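Chain naming follows the written order as A, B, C and D, and within any one chain the residues start at number 1.
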Amino acid sequence: MPGFLSNLLRVLSEGRGGDMRFLCHQLLSERGEASQTVLAEKIIKTYGAMSPAKRRAFFDMLTREFSPDAAAIKRAVAQYEKNPELASIAALSAAVEAPRQELFRRINTAPHGTETLVALRGDLHTLTPEDGEFSALDSDLKHLMRSWFNRGFLRLERISWKTSAIVLEKLIQYESVHEINGWPDLRRRLDADRRCFAFFHPALTDEPIIFVEVALANGLTGTLEPLLDIQAPVLAPEKADTAIFYSINNCLRGLRGVAFGNFLIKQVVTELSAEFPNLKTYGTLSPLPRLSRAMRDNENPEGFTRERLARLLTDFAAQLTGTSRRRDAVDALFHLLENPVEHREALAAPLERLALAYLARARDKGKLYDPVALFHLANGARLEQVNAFGNLRRYGIEASFGMTANYRYLPDELEENHERFVRDGQIRVSPHLHREFRKVEEAWDGERSPSSGRAKR
Amino acid sequence: MPGFLSNLLRVLSEGRGGDMRFLCHQLLSERGEASQTVLAEKIIKTYGAMSPAKRRAFFDMLTREFSPDAAAIKRAVAQYEKNPELASIAALSAAVEAPRQELFRRINTAPHGTETLVALRGDLHTLTPEDGEFSALDSDLKHLMRSWFNRGFLRLERISWKTSAIVLEKLIQYESVHEINGWPDLRRRLDADRRCFAFFHPALTDEPIIFVEVALANGLTGTLEPLLDIQAPVLAPEKADTAIFYSINNCLRGLRGVAFGNFLIKQVVTELSAEFPNLKTYGTLSPLPRLSRAMRDNENPEGFTRERLARLLTDFAAQLTGTSRRRDAVDALFHLLENPVEHREALAAPLERLALAYLARARDKGKLYDPVALFHLANGARLEQVNAFGNLRRYGIEASFGMTANYRYLPDELEENHERFVRDGQIRVSPHLHREFRKVEEAWDGERSPSSGRAKR
Amino acid sequence: MPGFLSNLLRVLSEGRGGDMRFLCHQLLSERGEASQTVLAEKIIKTYGAMSPAKRRAFFDMLTREFSPDAAAIKRAVAQYEKNPELASIAALSAAVEAPRQELFRRINTAPHGTETLVALRGDLHTLTPEDGEFSALDSDLKHLMRSWFNRGFLRLERISWKTSAIVLEKLIQYESVHEINGWPDLRRRLDADRRCFAFFHPALTDEPIIFVEVALANGLTGTLEPLLDIQAPVLAPEKADTAIFYSINNCLRGLRGVAFGNFLIKQVVTELSAEFPNLKTYGTLSPLPRLSRAMRDNENPEGFTRERLARLLTDFAAQLTGTSRRRDAVDALFHLLENPVEHREALAAPLERLALAYLARARDKGKLYDPVALFHLANGARLEQVNAFGNLRRYGIEASFGMTANYRYLPDELEENHERFVRDGQIRVSPHLHREFRKVEEAWDGERSPSSGRAKR
Amino acid sequence: MPGFLSNLLRVLSEGRGGDMRFLCHQLLSERGEASQTVLAEKIIKTYGAMSPAKRRAFFDMLTREFSPDAAAIKRAVAQYEKNPELASIAALSAAVEAPRQELFRRINTAPHGTETLVALRGDLHTLTPEDGEFSALDSDLKHLMRSWFNRGFLRLERISWKTSAIVLEKLIQYESVHEINGWPDLRRRLDADRRCFAFFHPALTDEPIIFVEVALANGLTGTLEPLLDIQAPVLAPEKADTAIFYSINNCLRGLRGVAFGNFLIKQVVTELSAEFPNLKTYGTLSPLPRLSRAMRDNENPEGFTRERLARLLTDFAAQLTGTSRRRDAVDALFHLLENPVEHREALAAPLERLALAYLARARDKGKLYDPVALFHLANGARLEQVNAFGNLRRYGIEASFGMTANYRYLPDELEENHERFVRDGQIRVSPHLHREFRKVEEAWDGERSPSSGRAKR
């Protein structure tokens, strides 16, 4: 008898080879232990070759057959109630863990295991509705990802023109904030007055997890074009006083909800301050990706109701309507916004007020409407500036009528800002935004609000 | 106000800085999130400076204050019983997870985090009794280690004379099977007819996790000395037909129970067979670390009771007693074993039979008595040979009267052997041991055992 | 007194700093020895900033002031004649070496020294006429380059999509045989069925010296387009039986005459045969860069005189003239060649004969007319095939009416072919070219030539 | 016909293979060009296997058969005299170059070529008398080494406990100033308050060319023991104010006369000052390797004649003789020096004066007697201090009665010191040695010397 292994391989290479159900159960069995790597490799290869439809079926199988066993939970609960001791907690803990977690851990022992499981979770998000029947499966995967992609295992690397083309190519592919138009564009973004850093994970070769693009400049700007212009003259980087984080990208859909951005920004600030002692200011040039949508979403009680819009626009009625009839400023606004670039003069000030309101007060189901603001404010940054017509590229006009925002990272403030934001929802703005911010708060709340928001300091 | 961070740091550098209770609670709090790295670094540094007594107190604190909350479990259980749905399972799962798991995950985000947590678990094993009050803490740590030290994250590296001294020094330090007597000894073990491989983890720089030493030789030998002799002539490695794994060492006490040996051996077999196509045999030269102890442990009903000893020695009574009175072979044996080397001729055959009995039948609380046998047999290897006086070094005589064993890895058998061993406790032995093995079984069981053990094939 | 060094630096940073004459004399002086690196760095920087006109003036200065001293040679010659001993030879050797050689050696001790001297020789070739007044300067530089760029110091590296962009960019820049049209074109040339190798020198970071592009294919082809087509399907490389060297580029003008191509091809053959045991044929797809020029150069007695052309075209007169009047085949040919692609049918056979004549017999001042043929034949390759309309790209039509050639590297023949070619000018052609080659020889020599050329075997 | 190459190889593997004469002539021939690498490899292998006697015979053959051709030189001289133009100089240059230079260049194209040629020159120095019949051969090799080992091709690397054991082992082997007693000694020399740097050449893998050991300390010490003591406490390196270069070793005998020490020291000063801004003083703790020999070499008119000794000892007569009879101080000195350590008190001051005289005035055939002084003074260092009984190790007592010296590198002085030393033989000493130095000069010269030496400043 030539051994079980070859038997198994023969079986695999025949009909049942593609039978993921069989393979997964094998991998979790005792026999599987001895052939763990072979089985895991087979699963990895099979998954890679599956059609989207088969992948959905596979998720379904994982949900049906590798979820916690209700009877076992019942027994463990009963035991715990009878005897609420350590051993009972351990048993309960074991009973509520879905067997697929161990399955995934075993798949992860083979080459390309991590890569495949990240891709699998990416597929789950792409192919199936959120919060649907697969949310428990997703939650198990996320739990593992959070453990495997612990920041302690990530390696910060500078990306430069000396980096491998296979990695640079992925920057072009993954950049979703400000599209990279081919290699000459990329090359300019990696020139002497630019920096790019990424986190890498040891199990994912040549694969950035998240990256940030930084411009070294004089002063924090609200205007995007000089940063993206391929022909822009190159500044001697040691003369810069400001580092502008103008694009941050999570690369892998399968790691959604496993946060690294916070760590990345802080470590990049550390790296840059060591390399360039002249840097005084660390800030972002950020998009407001949902501003247009928010302004049109007038039914949302936490958002831009028409009453709020009207109150916010009171001061600008004349310049918007262009008449002495100052009514209907809201309609006038939307009319002008059909061609915003043509009405830059009239729109600039109103848009800045609306953007401030949007960033600081508008919410969607209880959460801040703007995900970028949510990210930076939760990191402890402060809102430094809003800029009308800072981004005149098509996607900038479409998403936010060309508005941009700057968030500023002041090391001394980060912790306090973070805590107030997370605990009380208070938002720190820069001193020169205080007056404007108070107006926004009053208009938003429909009354003189004595102490709301965070206008002090 | 210079910001909370500096406040915090001031506080830390004053009295409460060393207060690990305060630091740990902070790290789990919301505020902690923004200063996670700073706090984690402080915890790491403080732990490093603690005395053993303080470390025990710290384990105690982790057990008292960061265990699952009984009330919360109670609520989750109640909810589950009312409504046994996904959300309830998730809530139950959250309630039974000790908060210290998240604490450890956050510590792990800082430099030297992994290193510190591995050391912490090592301390736990060194400083506190096993299975005592800290077993839940240990179990939490083990759970995390199993996740973080997934085989997919380990990197196999060849260790050679080209390796960094900082790593080589650790081999000397960690080698516990056959002590390395300084650098010339090490150098011989890394010469052309030797191979050494280790697993490394990306978060532990210059730190081998587990390593194996291999001799390339002609034929599998049971005698240790030629392998360890510094002056032994160097064989041209491409002429070898056998790879002898003569020492396998787990390096970090904190990773106890997180198994890599299985993967290591199999991958090393793969590496070696690629480099040396002439290799035909892959086997070990292994110690029997508890043989002496087992033979003296006559009260253990699963072990060497005096009756069993007497039956096992029946065939050798004459040569042991040296008289025609063949009674008291057991006493005679123990008498000779006081100076085993002086009675090599009389002892060789009896010791080989006893060793076989020890490896294959003796158990301690239900588990195989010999941990090395347990490891290789569970990997699917077969017991190839036992060798009297294969190890004449002092520690070899003390632990096992000089016995050594060979286990052999035959790729085609691994899976079947593993499964039979794990499922039924059956042990595969090499064909030329069959006869002897049957005798051992009969003597052990005190009767003709028609089919026990695994003497077929 | 703050020391001479700072004095020197002050002087340098003032007026005389840019005075290369002063700097070079300093560097060769005793004082210079202590400040060698500072001075060399200053020279390197100054040279880098010079205009072309200043560089020419600098070459002039190097020629006037750093050439061998006639009086010293005279003395050394006199001494040698009086006493022709070892010491006299050494003195003579010292006297005839231009002092600039030591100057260059000292420049080469500073960072970027090698780079600068290679660039300097490149400028010499670009800015001044060949074989002119600077030929001795050029010869000194070439002597040093030959020593510094000894093959033993070069490192072969595979260039792939994993290579740094800074290196890949240079391939695009240096490729002069078949232009690389941007990054997607480059990417295809580095795909799984292509290989690219380059030599690097340790003193020139990120700078390939010479590189070769290879296509793995089935059979040696004479047609370029499938090799260059970005959309061409990717062949599984292990299935290829032929490696086609389709582009070899020397990167640095300053290394002209310092040959590496020979070594590169042979080492790449070695690398490829180790990676792909299935490869049976190693050959080139090469241009005939001077064919058009040679055919129009009718006054060259070693080349295509009209008589020779007429004799070579005898067999094709009908198909070229298209009439029964078979006179004037030469004029007809040139007429058709005004639009070669339109007359492919009529031109193919005549062009192949002419190409064969051109490659094997046409000479220019005693040397083979075609530099590519000269290179491969001197390496010991044989002429395998000539192909009409193998290169339809504009530059192919212009340089050679679309002709391509294949040279084949047969390891067993290399040495003999090389020796016969170098010693006797004999050219090895493949068996199926023998007949045609004999016709070419007869036509070229104007008579039945009994044994000329290399038509045997 | 299986090709010439295989023919050649067959011949080589038979009788004539070991015939180096044949191989060398082949390698220089035209045929050799095509098989250059094969032939060079064969020569390298054959040389490696030669006995010392065969190597001497090989040097002889290289001298007889590969020297410049007298007839060719004669022709070139004649041509030059007839027509002293560029071409004639080039021809002369070619004629005086020994053909073995090209032979060596070709050997250097194969793997291990450089290594072999360096070893060959080392053998030349070991096996044959200096300045003998092989001096021209040696000179050719030195010329090539100077070119190949240009400082621009060397790479400075820090050697630490993280360095490969194969390199560290070589430090132990090559350290000849202060022997390294095994790995624990080496480890201490690489600890946090020590630095070690070496130059490496790209063609010599894992082979340091020259290395320097540095102690970071507080103040420049004259006493060796604390620097070499394995048990010495480790200083926090950032607190050191002084870098003491206490051992500099050229590793390869074959590179004798090809100087790197100068560059090494200066670059290490640069590295250290970047890493440790607190360092104020850079100096050496150096041996006086020929002091004992010089003091006994009383016949040397440039050295310690008895008259000079007597004059130098005038001030110490009483303490040396221990009587009121102050005659015979010289004999008394030599008597005490038979057990110098027992007479430390009496000997200290006289030895310091003698050491000063030795370092600054004693010469051997016109060159400074002490090679270490020659090296540092020519580098531009100043003599900072001489220390009685600074080195009590056996070799220190034997070579120099325990004396040590400090040389100090003051960046601002280097160039001026170097120039004065090289041009005029003037030696710079530290201010507190001025008075003593004047006494030495007067005693040495036997009169009040008004301005000799360098006692000013």
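Remarks
Here is the rule we use: contacts are C-beta pairs under 8 Å (C-beta built on N, C-alpha and C of every residue); 3 or more make two chains touch, one makes a residue touch a chain.
Owing to the predicted nature of the structure, the values given are computational and were not obtained by experimental measurement.
Of all chains, the one whose Cα centroid sits at the greatest distance from that of subunit D is A. Here the spacing of subunit B and subunit D, counted between their Cα centres, is 53 Å.
A straight line joining the Cα centres of subunit B and subunit C is 62 Å long. Centroids built from CA atoms put subunit D at 42 Å from subunit C. For subunit C, residues touching at least two other chains: there are none. If touching chains are joined by edges, the resulting network of the protein chains shown is one closed cycle, each chain touching exactly two neighbours. Across the complex, subunit C is touched by residues 2-6, 8, 30-31, 33-35, 37, 68, 70, 73-74, 77, 80-81, 84, 86, 89-90, 92-93, 96-97, 105, 108-111, 113-114, 135-136, 139, 144, 146-148, 150-153, 155, 202-203, 263, 266, 379-380, 410-419, 422-423 of subunit D. Residues of subunit C that touch subunit A in their complex: 161-166, 168-169, 182-183, 187, 206.
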